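Pasting the structures in now, so scroll down.
Next come two complexes built around chain A: one with chain B, the other with chain C.
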Partner chain A sequence: MTGRRVAVVGAGMTRFVRRAQETGKELAFQASKAALDAAELRLADVDAVCLTSAPDAFDGVHRKGDYLADGAGAWGKPFIRTYVGGGSGVFTAIQGWYTVASGQADVVLCVAEEKMSSCQPHPQGAFLTIFDNIIERPLGPNLLWIFALEMQRYMDRYGLDKRDIASVAVKNKRNAAGHPAALLGQADITVEDVLASEVLAWPVQRLDVSPISDGAVALVLASEDAARRLTDRPVWVQGVGWNLDSTYWTNRDLVYPEYVENAARMAYAMAGVTEPRKQIHVAEPYDPFDYKELHHLEGLLLFDKGKAPEAAAAGVTARDGDLPCCPSGGLLGVGNPIAAAGLMKIAELFWQLRGEAGERQVPGTPERGVAQAWGDLMQVGTVVVMGTEDARTDAAGATADQPATMLGPTPLSDAAFRAAAGAVETDLDVRYAWDPGEVMGAFLDALREGRILATICTACGRTLVPPRAFCERCFRPTDGWTEVAATGTVETFSICHVTWDMRPLEVPELPAVIRLEGSSDGGFLHKLGDVEPSAIRIGMPVEAVWRPIAERTGSILDIAHFRPRETA
Partner chain B sequence: MGPRIGIVGVGWSGFRPTTAGRSYKELMFEAATAAYVDAGVDPRTDVDSFVCASEDVEEGTSIFDEYVPDQLGGVQRPVHTVAADGLFALATAAMLLRSGIANVVAVEAHSKASDVLTPGRVDAFAMDPVLNRPLGVPALALAGLEMRRFLHETGRSVEDCAAVAVRNREHARSNRRASYADAPPDPTPLFDPLIADQAARSADGCIVVVLAGAQTRADASVWVDGVGWSQDAPSIESRDWARAVATERAAEGAYAQADLAQADVDLAEVDDAFAYKQLQHLDALGLASIDPGRVNRSGGALGEGHLHEANGLARTLGAVEQLRAGAARTAVVQSWRGVPSTSAAVAVLRAAG
Partner chain C sequence: MPVSFRYTPGVGNTAFFEALRDRGVFLGSRCADCAVTYLPARIFCERCFASLTPDIECGPEGVVVSWTVAHVGIDGERLDPAVTYCLVQLDGADTVLLHRLLGQADIGARVRAMLSEDRTGAIGDLQGFAPA
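Showing the complex of A and B:
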């Protein structure tokens, strides 16, 4: 079905650090040089460069792909930056695949860079603007909210034990203790440590979360002819898949990542994988939070829905378990420079399948692995299946140490950074006035009148809140308006104890997804009030508390909050 | 190189200085619907992959690709975004089709520039944060610097550039999408020798193009026989200030793929964000001697308006319309991302039949 065969022939990465002295360009250079050295290539041998990086706001540069180009070896070469949020790192390997498979290039350098530390006062600031500009940003959401909302929903549906989920953080941080690039490897961490760590946004605790980091990773991909010329141990890209779900995340059931399953099925079909639980020998699922690894293992069809946590707790996913998962140490252990962390997973499969992972090497001779990343508004899945296909010709390679493919960077303490001459500060200071459009404009007008409007699609029979001009499932204009009740139930909630820049809150915030009565697929993000946090339950009936008419402005904030509702 | 790639549908919306009362989502839905009708495809079942072109800071949203699938019919489908001009998205579609992983691909780019109240700040944020930003030199100044060096080395005059602006606006008079065909001359100096009259003014709009491999759709009206893309040094200290080097390299790749002889080119739609850029780009494309009446018959960005990352697809749309109408056989389309970028892309289009 698909074009030329494509192999990975070299990989390199920087250490992942909290703050690198190097610029983003220099990080990209270090990783690129390491990958080229590993493949014994010069830049002149590279036909095209594929680059990825997550939000521009981290590096503090608009069009940062163009800015990073020379560091990534792209000066004068065909060069494109792609992005799909947190899914970007794995995606850039997919980009490399189609660049080679199409015949556009024979040898491609794939580079993933992230320098989060430039974003002040806290890199989370880059995520304040991922939310819907009309109906979510006015609520002041921070990134932890959506993870907490999703984790809560996942735990509630399956009655999960948080100890089982915490076992993933323990496994990955222990695995990372053997990784020379890791930021948070810790051989002696326990489940008790995770459960005792600071509560950020319940149920998310500090050690459930991967660290913000600086770093870069690069791979060299080659066509079959070029790969066989360059190495006797190519690792083939056997399957690729990617899938983006609806923007309207409050209309989806967060309990299961359908988009990851869709991406996995696409990649498995291309790879000829019909029984993933038998045919996948090692997995690098995306683990920015511990529960996400489990969520994704289910989406990858490697465990039944709701069953990954007990398997993890039982050691099935340990490095010496039946299905080693994140033997690298993952984002939780190695670190999470977002795009780079995704590509690190592909690099790890390359090393594992070549038997070059050193202390991290999984037992046996794994012949096929899967790497996966995820991102956007809990919305995108990117999946790559890689394999050796034929048994390794160099059996001794199975015990070989990881080659010297790592350069820099130089870690820099916050105090040293601030004391150094030449730190350049810029305030983005761009102002916008977003046009809500016809439909959202009418929705906001109605809020001022104390009414919640929905659009309807007569083709699929759905009533849509937030309303839109089009039905995304039927791809046709919606058919008109209806009003839904200002009452509903709590779909999921969190108790958030920190601000976006990690300062403690005296009074916790209570974000929730409200499932409105009369809406087909849920409703929208808002906050709870007039309630003790300990009394909140999923499924609890709630009602909107409207601001006084004189204070309404045609905004989502015309609803002050939702509060518990007495039911008969 | 896999199957021959055809354009089977185009659609657009907006193309006005402002599109008040309509959101970017609504502009995208309108353009996509028109393109799918033109192509005779249902995006929910017939389109295998979707590629968008956008940049976060221009949208005011981090990780903007979050906000594209619903209004394109791409929910739970393979969708990704390139941080580049729309012509790079079209190049990406060509790779997806040639790789065999998709048989039909939709490409989208838009501008909702009227949402941005401080566009100069957006461009300033694209300057090198350590070396350039502290100088406080606006990105637009780079156009003045480059224009002077270009005129100096090529012997072109400011009047030659003025003639480009006049001619493109004349062409724009027969284009219903053009907002600036009758714009009064504006001699306001920007960065000497550049004046406002020779700088394209902003517009909102969206373009969607549907592409397919010949094995799937033999009925394409236009073939994309070559695509190329490249860039010069990102640092302003290292780039060539007279030549459009990236366009030269991109053309080399696209022409080789298309086995193109420049003498066969009878239509060019090229970037004219500034009037001198049109001349510089034609030089780089090896089309310096083409009849000026065959260049930017759409009116270009000077006539239609500057659609930011959608400029390349606006030029593509103009060329497709001319090729479909039988007004040309072979067209070269070129885009450049604007200051301070050097990234450029080139496509060779041929009429079917």
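Showing the complex of A and C:
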């Protein structure tokens, strides 16, 4: 065991709603108070506070950490905000674990808040700057693209049936029907409903996606001595792990989340879990999209690669299945106030392992569970293993307390939101200018000449597109330039029907990751053209269509698009 | 970035703005245990996490805690005339409010809130503080 033992002794959450009347501070307070009440603690008993919240650009408050601090109970206390995108919710429990395990605090309040409704016209605007400013943003990517590209590649590799993937959305929305905090619980939803929902960016459809939400979740962590004093049913944090993949997402194997496996192996090793499929009894994998739950279950080593979808369709992951997954209802059913949704997964394990999950309680007496979240530019995995360790003394289901006290929040209709007294509307009236830097500048200059350049690392033997000044694996300067072909194959693609703010497109966009010939790790994001969308296939040979020389500007747009290439 | 933000005032500030608009009063909330009155009103005490009710009227007079004269705007442009801002602790409140100082008043001087005739329920309903 690493450091001091740490237990969860209380959890609380607000309802997840589309628009809350409460400010972010007030949401954080409601969840924090509920968690303290559940642990029968006062704020004065808390030694330190760990907070998380996803991008500042959701709430529109730069420095969201200290803005939220009073609502998180941090007045006059050691306080830290950590942030790893969508992985933040689970990570803040890891931060809490650290703070207690290190001996610096005996009782820590972990708080996760998100208020996405402030961001207009659509919170996806907060994600526009996650793409590379020089070679991706000129293409106009939106967040749905990368999910669609990853889902398509996952489906293609294993020949998956979209019905099996849709069964995850059905399961989670049905599970959420029993959750008092849920935004999108629906007991009678079917796979047909999911498959008939609006196509956003093929293969992603409306009901494959979790909803925008406001909400907060809080957790009380305690040292062993404090935990034994506070409760006779502590739930121990047995293992923590986290891991980050390359930021060059077009170079990654989008089929399998290795970083989740790495994080899981770290957490399992600490927890002494050697056979996760036998030793994990309940799982809360991260499910912002239905395929992501399956992706993550494979990364968590709970199913063989490519096998989670058929298991889900067969009911293995149902609440009464062999391995209940997202019994809470997950992000797809309860809602997705991003950081809060991640911490909700830890709270759900706490309630499930204590037998306090009410209608959502999984059968039997689960003794160990795993929660996982994922985020940044689709590259971080955060994993926590929790368990009761000592067999539960109470009979199964003996207590069926609902999650703490549901204090709020008050949902606002769109009309009430628009009419609220004292409301202030502000444009984020700033502009950025990005210099491409030396290496990317040379790459862009070559595009103007109709050539695609790569850098090479002789230490690992890779030919790198996009080019970079240093090899991030060997951590040494790259060794020079080479030219790669302007031909390649479609690694994955999407057919996108909406803009970032969800306005329909008359002509769909065709984003694709192009694997360039001569590049060792893939290639880059671009668009397809001169092709019927229905004719596009993964693995299809393509070639760059260059703009006329006079129109080239030294931009990724000097390639107009990639089109199908005739091969002998 | 092509995004804008719409900030709604939340539960505590809604009570504050509605009282300012409808009754021309400054509404705070008091934590008796901590002996602190927060202005504007909050729904919880940040010191002890007690739930609070927005029901304490403060002001309309108070004391200047600090002030500054701004000669430069946020884009670096010169402000002509310069604008004076102050922190005022309204009578009955333990926290201070940031607003314009209309005229001159030094630290410790008493000032009075100057309200607009047509109030909408926004911080602009208060024009600023003038020497009492």
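Methods note: the second predicted complex is superposed on the first by the 561 of 568 C-alpha atoms of A that agree within 3 Å, B and C clash if a C-alpha of one lies under 4 Å from a C-alpha of the other, contacts with A are read in each partner's own complex, and residues count from 1 in each chain.
To be clear about the criterion, a residue touches a chain if its C-beta (ideal position, glycine included) is under 8 Å from a C-beta of that chain, and two chains touch if they have at least 3 such contacts.
Note that the structure is predicted; figures quoted are calculated from it, not measured.
Asker: Superpose on chain A as described above, then tell me if chain B and chain C fit or clash.
Answerer: With chain A as the common anchor, chain B and chain C both fit in the superposed model.
Asker: Who does A:Leu43 touch here: chain B (first), chain C (second), both, or neither?
Answerer: The second partner, chain C, only.
Asker: If we overlay the two complexes on their shared chain A, which of chain B and chain C does A:Tyr259 touch? Say first, second, both or neither.
Answerer: first
Asker: If you stack the two complexes on chain A, which partner ends up touching A:Gly65: first (chain B), second (chain C), both, or neither?
Answerer: After superposition on chain A, A:Gly65 lies in contact with chain B alone.
Asker: Applying the touch criterion given at the start, work out whether A:Ser328 contacts chain B, chain C, both or neither, answering first, second, both or neither.
Answerer: neither
Asker: Chain B or chain C: which reaches more residues on chain A?
Answerer: Looking at chain B versus chain C, the one contacting more residues of chain A is B.
Asker: Regarding the shared-chain residue A:Ile130, is it in contact with chain B (first), chain C (second), both, or neither?
Answerer: First partner only, chain B.
Asker: Looking at A:Thr489, would you say it contacts chain B, chain C, both, or neither? Reply first, second, both or neither.
Answerer: neither
Asker: In the superposed arrangement, does A:Gln372 touch chain B (first), chain C (second), both or neither?
Answerer: neither
Asker: In the overlay, answer first, second, both or neither for which of chain B and chain C A:Val424 touches.
Answerer: Both partners.
Asker: After lining up the shared chain so the two structures overlap, which partner does A:Gly73 touch, if you call chain B first and chain C second: first, second, both or neither?
Answerer: second
Asker: Just how close are chain B and chain C at their nearest CA atoms in the overlay, in Å?
Answerer: For chain B and chain C in the superposition, the minimum C-alpha gap reads 5 Å.
Asker: So which positions on chain A get touched by both chain B and chain C?
Answerer: In the superposed arrangement, which is not itself an observed complex, chain A uses residues 23, 57, 60, 70, 75-76, 118, 126, 128-129, 422, 424, 426, 428, 430 for both chain B and chain C.
Asker: What residues on chain A touch chain C, complex-wise?
Answerer: Listed in rising order, the residues of chain A that touch chain C are 21-23, 25-26, 29, 32-33, 36, 42-44, 57, 59-60, 70-71, 73, 75-76, 117-121, 125-126, 128-129, 410, 412, 417, 420-428, 430.
Asker: Okay, in this complex, where on chain C does chain A touch?
Answerer: Residue positions touching the partner: 1-14, 16-18, 21, 43-44, 46-49, 51, 120-123.
Asker: Report the residues of chain B in contact with chain A in the complex, numbered from low to high.
Answerer: Residue list for chain B touching chain A: 1-2, 19-26, 29, 33, 36, 42-44, 55-58, 60-63, 65-71, 73-84, 88, 91-92, 94-101, 112, 114-118, 121-123, 125-126, 128-130, 133-134, 228-235, 238, 245, 249-250, 253, 337, 341-343.
Asker: Please give the residue numbers of chain A that touch chain B in the complex, ascending.
Answerer: Listed in rising order, the residues are 1-3, 23, 54-57, 60-70, 74-85, 91, 97-99, 101-104, 118, 126-130, 132-133, 240-248, 258-259, 262-263, 266, 270, 375-377, 379-380, 422, 424, 426, 428-441, 468-470, 472-475, 477.
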